[in-house]
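In the two assemblies presented below, subunit A is common to both, partnered first by subunit B and then by subunit C.
After this line comes the complex of A and B, so read on.
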């Protein structure tokens, strides 16, 4: 192997994002003296932010109590944020901890900081972070609840003996909406058939090898 | 009017009454029926005929008469004296009409008593997630079912409800549907 770049491009992509470049520049800058304590505080605030909490107060406090000029600090924070979000995007099956650390070493980020990054990306908090970020994906509401009952119409004002069964369904979706509708027995058979067909399709899809594609 | 013509006109009248009362065609007015089918009759005479037929049809539809019941009913009508009576021609026209229209009228009457929106249609597809902009998928490349339910009240435009489900959800729904089917089966006698 030549010493040149023969491994795959960094998890950050073919071109390192500018905010990450500036971050690594400032982190290496000895004169800036970003201590690990401050770094960890920033990291914690960023994780909190990714999880959806407001961290402006915390950030302001960090900026005020740090000797680092605000402009440089903001570059550092931006870069750190980018590193975290890009890493979380990639499933752990594709990006392993060692590769992640290697990529950061290439940027000459101090080892201590790399360890801290890794502890967030590959630590116990990872699942929670993934859950929050995937919620922001574009998607349709999901089914929260399905309730039903079977009614039999005995008679109506214009039909003395109806004796007609029908299914009443109520679905609650994740966006809070509630839909109630009636399904005549014939339509219900059609519905049930289609749902069974959907499940079969999903099962078949899982068996196909297209799902085994790895990066 | 010849017997055949009389039968044709009466059948037309019964159809017109059914269209208006059961199949939502409000534009079929009494006046229209008279001019089309009984132009010779005076409005008053026609009105009497129309109302009589409408009343008879209503009784037959309300009881959802089977052929035996209908025959008994018509026989009784024919025995009645005076204007309440019925000719054999009229009885057979009514009988023919009901034989062909019974199911349709019953269906319409049932539909008229449904006030909840009904499920009109279902469209769906199964997608495979390969990547997403923000976060990784929970199960790499998990299949996702997208469903579109078409709901609507009678004579109203459809409303479309779209949702997505993962495999576990579809499985749960299918289980519930088996429960529903069992419930229906206990209500409906299966021969």
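After this line comes the complex of A and C, so read on.
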């Protein structure tokens, strides 16, 4: 164990995933001659796939035009995919580019490929990748759109002079549902008060020193 | 103010019956009617209660129905025009309701009337009404796609009830800090509109 290493284990965890092991084995294998061009094509297709697009056509094309046997190629692709997803999971505040590269060097992955990996994980598309993968995780519906109307009821069939204000709200949620409902003025105040209260609590929470620690 | 009801034939008949009822029993009857007045479509008295009342007041079914309908009508008109108790008493006596009954009517109206008017003011025509606001503040630590988060997130529970149903429908909406802030800003704009009305 070299004395200059301060981090515990690789970003891939204590035990390197098997597909990453086999990938690094094949990448080192000179007889396989995986050229950088093909590597980059695969990388691009994987990024596309992570972003949610169908890349089967592209992958098939790559497999057909490559001299590498399909089985070995699939190990390489699986390993590359794992490296990307695991790295994207960890916030850039925790996993720095140098540490990432070091971890990959320990697996004896060729330096050129490491640079390419790093350019995806720490490049400009990182934020978009995080956003897309985050959407697939379980969460409650969020507010897509809020439309509202303030009415004053002048009179009704029961009251000649009602003069009662009320708020009509229509909310569209991220799961596609649409809800329309009236909010009596007193309830509206309650809603507003509660939202302000939550915001205050969020602010207090974010200031707590426990949360300032970077891990 | 203009009279809120005219002395029609059916009112004359009803008044005759009303005047014959014992004043205490009448007082209880009016209180009961005024309690149920805001509930559209519901019977004021159950079948059983009506039968018992017929016996207690010595009224046949048609007579009792007329009395109930007339008293309800008078009260609905009183609510609609939001008449003052004194004015109501005057108008009752103008259609020959005996003074003791008119007094009882007026007293009940004076005490229970304002609440009834208020309740009707709040009645909603919209399909659903917001009845309950609940919330939960969470700190999200991780998810499948992201480790080491420290994201506060709030879940807002909105309890909606349709006008004619008892069941409350709950909607849950999740907000990040930024999303909640945007929501709050919208609420502030609405508040501004409400403020400009007063």
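Some notes on this structure:
Here is the rule we go by: the second predicted complex is superposed on the first by the 208 of 215 C-alpha atoms of A that agree within 3 Å, B and C clash if a C-alpha of one lies under 4 Å from a C-alpha of the other, contacts with A are read in each partner's own complex, and residues count from 1 in each chain.
FYI, contacts are C-beta pairs under 8 Å (C-beta built on N, C-alpha and C of every residue); 3 or more make two chains touch, one makes a residue touch a chain.
Fair warning: this is a prediction, and the values are worked out from it, not measured in the lab.
On the superposed subunit A, the two partners subunit B and subunit C do not both fit; they clash.
With both structures placed on the common chain, the touch criterion links A:198 to subunit B and to subunit C.
In the superposition on chain A, A:181 makes contact with both subunit B and subunit C. After overlaying the two complexes on the shared chain, residue contacts for A:35 are found with neither subunit B nor subunit C. Once the two complexes are laid over each other on the shared chain, residue contacts for A:145 go to neither subunit B nor subunit C.
Applying the stated contact rule after C-alpha superposition, one finds that A:112 touches neither subunit B nor subunit C. When the two complexes are superposed on chain A, the residues of subunit A that touch both subunit B and subunit C are 88-91, 130, 133-134, 136-143, 146, 148, 150, 152-153, 156, 158-162, 164-169, 171, 173, 177, 179-185, 187-188, 190-192, 194-196, 198-199, 201-202, 205-206, 211. Interface residues of subunit C facing subunit A in the complex, by the touch rule stated above, are 76, 79-82, 117, 120-131, 133, 135, 137, 139, 143-150, 152, 154-156, 158, 160, 171-177, 179-181, 183-184, 186-188, 190-191, 193-194, 197. Partner subunit B is touched in their complex by these residues of subunit A: 88-91, 93, 130, 132-143, 146, 148, 150, 152-153, 156-162, 164-169, 171, 173, 177, 179-185, 187-188, 190-192, 194-196, 198-199, 201-203, 205-206, 210-211, 213. Remark: subunit B residues 58, 61-64, 106, 109-110, 112-114, 116-119, 122, 124, 126, 128, 132-138, 140-141, 143, 145-147, 149, 151, 161-167, 169-174, 176-177, 180-181, 183-184, 187-188 touch subunit A in the complex.
By the touch criterion given at the top, residues 85, 88-91, 94, 130, 133-134, 136-143, 146, 148, 150, 152-153, 156, 158-162, 164-169, 171, 173, 177, 179-185, 187-188, 190-192, 194-196, 198-199, 201-202, 205-206, 211, 215 of subunit A touch subunit C in their complex.
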